[in-house]
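Below: a set of structures, written as structure tokens.
Look at the two complexes coming up: chain A is in both, with chain B in one and chain C in the other.
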Partner chain A sequence: MTELWQQVLSGLGTGFIYASLALAISVVYQGTGVFNFAQGVMATISAYLAWTLVTHGFPFWGALAVVLVASFVLGAATERVFIRPVEGASPLVLITVTAGLLVGFQALVAIIWSEDPQRLESPFGDGRVSVFGAVLTAQQLGSAAVVLVTLLITGAFFRYTQLGLRMRAAAQNPASARLLAIDVGRMLALGWGLAATVGAVAGVVFAPTLGISPGMMDSSLLLALAAATLGGFESRAGAVLGGLLLGVATNLASRYAPGIRGDLQLVVPFAVIFVVLLVRPQGLFGRLSSVRA
Partner chain B sequence: MSAATGSVRSDATSAPATSTTAALPPAPRVATRTAAWAAVLAVVLLVAATAPVSLISDYQFFQLNRVLTIAIAIGGLNLLLGWAGSISAGHGALFGLGAYATAILVGDHGVPWPLAVLGSLAVGLAVGAVLGLPALRLGGLNLGLVTLAIALVLPPVLNRLVPLTGGAFGKTTPEVVPPAGLPFSSPQWLFLVDLTILALVFWLLSNMLRGRMGRALDAAASSRAMAAAHAVPTNRLTVAVFAVSAGVAALAGGLAHLGARTSTPDSYTFLFSIALITGAVVGGTRSFVGALLGAAFVVLVPELVAGRVDPAKAGQWQQVAYAAALLLVIYFFPTGLAGLPRTIRRLLGRRRPGRSLAQEAQS
Partner chain C sequence: MPVLEMTGVRASYDGVQALHGMDLEIAEGEMVALLGANGAGKTTSLRAISGTVQVTGQVRFAGQDVAGWAPHRVARLGVGHVPEGRGTFVDLTVAENLTLGALARPKALRDRVDADLDVVHQLFPVLREFAARRAGALSGGQQQMLAIARAMLGRPRLLLVDEPSLGLAPMVTTEILRALRRLQGEWELSVLLAEQNARRALKVVDRAYVLESGRVVASGSAAQLQQDSTIQDAYLGAEIGGAA
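Entry: the complex of A and B
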């Protein structure tokens, strides 16, 4: 029983990575209408930036603050430079562009920082904490807490601020939003910047666990996409919940299902995507809407 | 229940995926066109068969065979990108599946290679039909999700199923021997085989797309609900097209394995899938000539990059080249290389403002 509890808790811990990436993907999806294949590698860039700053003597939290700002700029710039020329095009065109961004960014990361894996020391020390019988590292607990706070702040931003309201309006109905003097293009860029920032928190805070390499976010991207599918791409809260559920599910599967271990864990998100799309394609919290031809 | 009342995620389908028939060239007379192509094919085969061996080296034939097999796969991918308005981020994996199917049938079971290649086709069709199912209700973009997952899952699975796939070392099969009495080397013989199959596949596909099915696909791509209201069986169509597309990719994979003789899990990563998409877009997603041009691009890029950069980073620069080509073509030449003559003619001729793929999709 303790064993199970332990597995659930540590699964929940890694689930926060998928939850924040899924939230980022969901924010972009609502604004731009496609999922961003490059969301994971953008978090990787943030992790490398943090690593560079830390190796140059920055304290961890100072580096994180700088990287968050840089990631926001990077995300918004990506929207302006790469997505803007095809804004309003078919989802097919947009998604092809994000796939191109994924490949290009990943290669550039490897060229700039080399493919050798790097290590980032945990800012939480290497203590251990006992939670009702299960033992968690300080890193696990601390990174989950930081991401949780980020998710709450993001949620509050969308729920309670003027700007958040405008961004939701621009995403939900661009035409009406324009009539209300909302600059939809700017809102889209802000959304991409915000998404990159949320992803950056996960990338940097979890870097000590994941290790830093050009492909560090590859499997997290698939898990996050599965999480967003499960929760529903339109639902930010759903995406977060989906991420946590997938964290627990993959962890339990790799512990108790024979043969599913290491990189084969990816079978779990694959199965989740497949089954959810078959059974409930709008996800747990997504809304179905009918269209007029 | 009819798909017309089925609910669709509104923002995912609000923009039509491609321009419809307006962008198509007028339908040529099928018989003349087929005859012309058959004649070209016969001439190429004849020249290739009689050309002095010194003219084209075996290595060049090996590369040409890669171009041909990748062109077949891109032809299959074009069904999705150019006609069905959906994307597959996993055609590289389906290609790999076909390669392994042929490798296992030939290597472990002693099946003659023509049958093994047909086996690859069957595997591709079956896997494609199953993977296409989730796209039933929401169409297009969900295929992107499922196929991305397949692209990421396949390499570790191939690595793990050691008894079947040989693990990280992959599978190697003996060289394909030309029939006795023919004065060909193995790559030359495979070139003739690949070229013939390419012609056959493209002929079948273009006939399929020129008829009812092509119109149904165009209708469904511009508005799923409208197509369903006009009695287009959109659900069956989606699955059928994806299955055919996957089958063609797997067939190409089987042929590619015969040429390369060794298949390893590393050959069929996500990057290869993106390379195929790049080839399709660079060549032009609604053209089979474009598929050939795109395939040539996919094979040429590594060669061009290799001499110019630090060898340790050649792989990365290659990726950058693919990504840059993909983006530039989407932004500036949405009809790809195949559409270039028309684009140039239009620029020189009527001076009508050029419309990009994106703009056409918007209207």
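Entry: the complex of A and C
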């Protein structure tokens, strides 16, 4: 029983990585209506920036603050330069562009920082905490807390601020938003900036766990995509919950399902998603009626 | 001085010309109808004003030529537009839809939002009752009320309303047009109403233009047009004769 509990908890630990990236994906989706394949590699850039600052003597949290701002600028600039020219094009075009960004950014990262993996020390120390008999690292607990706080802040931003409301309106019905004096282009850039900021939280806070390398977010992106699909793209809480479920499912599968070894465990969550989507095509918390009117 | 003046406005979609030199004028505080059959250019005329279609020619609003401006800048200058199909934010609540309308108003009128919201709620009580509901869950008539209320809360100087009767029961249409007329009078704004149902529109407006093939073919006061049998037979026959 204790072992099962331990497996669940460490599954949650990994799940928070997927959850944080899924949150960023759902922010960009909700803020701009675009699915961004480059979300993971943008988080990787943030992680490298933080690593660079820390190796130059910055304290971890100071570096994080600087990186959040820099990532916002990077995200907004990416929208202006690469997405703006194809604004309003078909989803296929946008998918192609963001997939291109994924490849391009990854190559850039390798050129700037080389392919050698780097290490970032955990800001939470290497303490361990016992939770009802299972052991968690301070890094696992601390990063989970940071992701939850990020979720709450973005939720409050979209729900309670005028800017958040404008951004939702611009994403949902750009034509109508323009008629209400909303500068849709600016809202889209802000949405990308915001998502890159959320992604930066993921990249930097989980860098100690994942290690820093150009491909550090590759499998996480795949699972974050799955998490957002599972939870429903329009639901930020759903995306986070989806990430946690996937983390636990993956971990349990690798431990208990017979014959599953190595990376085959990654198939299990996708099988789960497949079944869920057969029953609820909109995801667990999504809405079917999100038709762009 | 007229609040809006269109001179020789042409517009086309994908190479097909929809407006062939529109000339039109609306005075401050006036409610004017654009009449004509499907495809006569009513919707395009409204879109030419709000900047949602490319035009050549002159569109003077509040003393400035706004032809070629981005839609959000035209809106900021004081043009409200209730588009064809209502343009509701279906996944946002009714209250959020209305807030977005109020956010579009000039800064000088920001402190009057609550009072104006009261007026709108009195006019359309259903919008208060369903405030927390998703706008997409409203009926067609309720969504039309929401769309008009939302645009009104932006306190525009000129409100463009595109076919509010489309797909609605006659009684609902009458209710909506009456409410529109009342608020228009109270808030002293100009309204340009595109409507296929001429009989219904002429009951509430001051003046009307009759369009055919993308240009004005007749105009006059509502009373004149209601009595002019030549114009009715030529352009509005079916609509005026029809019971609906």
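Simple rule for what comes next: the second predicted complex is superposed on the first by the 268 of 293 C-alpha atoms of A that agree within 3 Å, B and C clash if a C-alpha of one lies under 4 Å from a C-alpha of the other, contacts with A are read in each partner's own complex, and residues count from 1 in each chain.
Basically, a contact is a pair of C-beta atoms (placed from the backbone, for glycine too) under 8 Å apart; a residue touches a chain by one contact, two chains touch by 3 or more.
Computed from a prediction, not measured in an experiment: that's the story for all the values here.
Look at A:117: by the touch rule set out above, it reaches neither chain B nor chain C.
Contacts of A:211 after superposition on the shared chain: neither chain B nor chain C is touched. Once the two complexes are overlaid on the shared chain, A:181 sits against chain C while remaining clear of chain B. In the superposition on chain A, A:166 makes contact with chain C only, not with chain B. After overlaying the two complexes on the shared chain, residue contacts for A:125 are found with neither chain B nor chain C. In the superposition on chain A, no contact is made by A:59 with either chain B or chain C.
When the two complexes are superposed, the chain touching more residues of chain A, out of chain B and chain C, is B.
By the touch criterion stated above, A:133 is placed in contact with neither chain B nor chain C. Judged by the document's definition of touching, chain A residues 234, 289-291, 293 lie at the interface with chain B and also at the interface with chain C. Remark: chain A residues 33-35, 37, 82, 85-86, 88-93, 95-97, 99-104, 106-108, 110-111, 218-219, 222, 225-226, 229, 233-234, 259, 262-264, 266-267, 269-270, 273-274, 277-278, 281-282, 286, 288-293 touch chain B in the complex. Chain A makes touch with chain C in their complex at residues 162, 165-166, 168-169, 172-173, 175-184, 234, 287, 289-291, 293. Considering their complex, residues 5, 7-18, 81, 85-87, 89, 133-138, 140-142, 144-146, 148-150, 152-153, 156-157, 159-160, 223, 225-226, 229, 270-271, 274, 277-278, 281, 313, 315-320, 322-324, 326-327, 330-331, 334, 357-359, 361-362 of chain B touch chain A. Those residues of chain C whose C-beta lies close enough to touch chain A in the complex are 50, 52, 70-72, 75-76, 80-81, 83, 85, 87-92, 96, 99-101, 103-104, 136, 150-151, 154.
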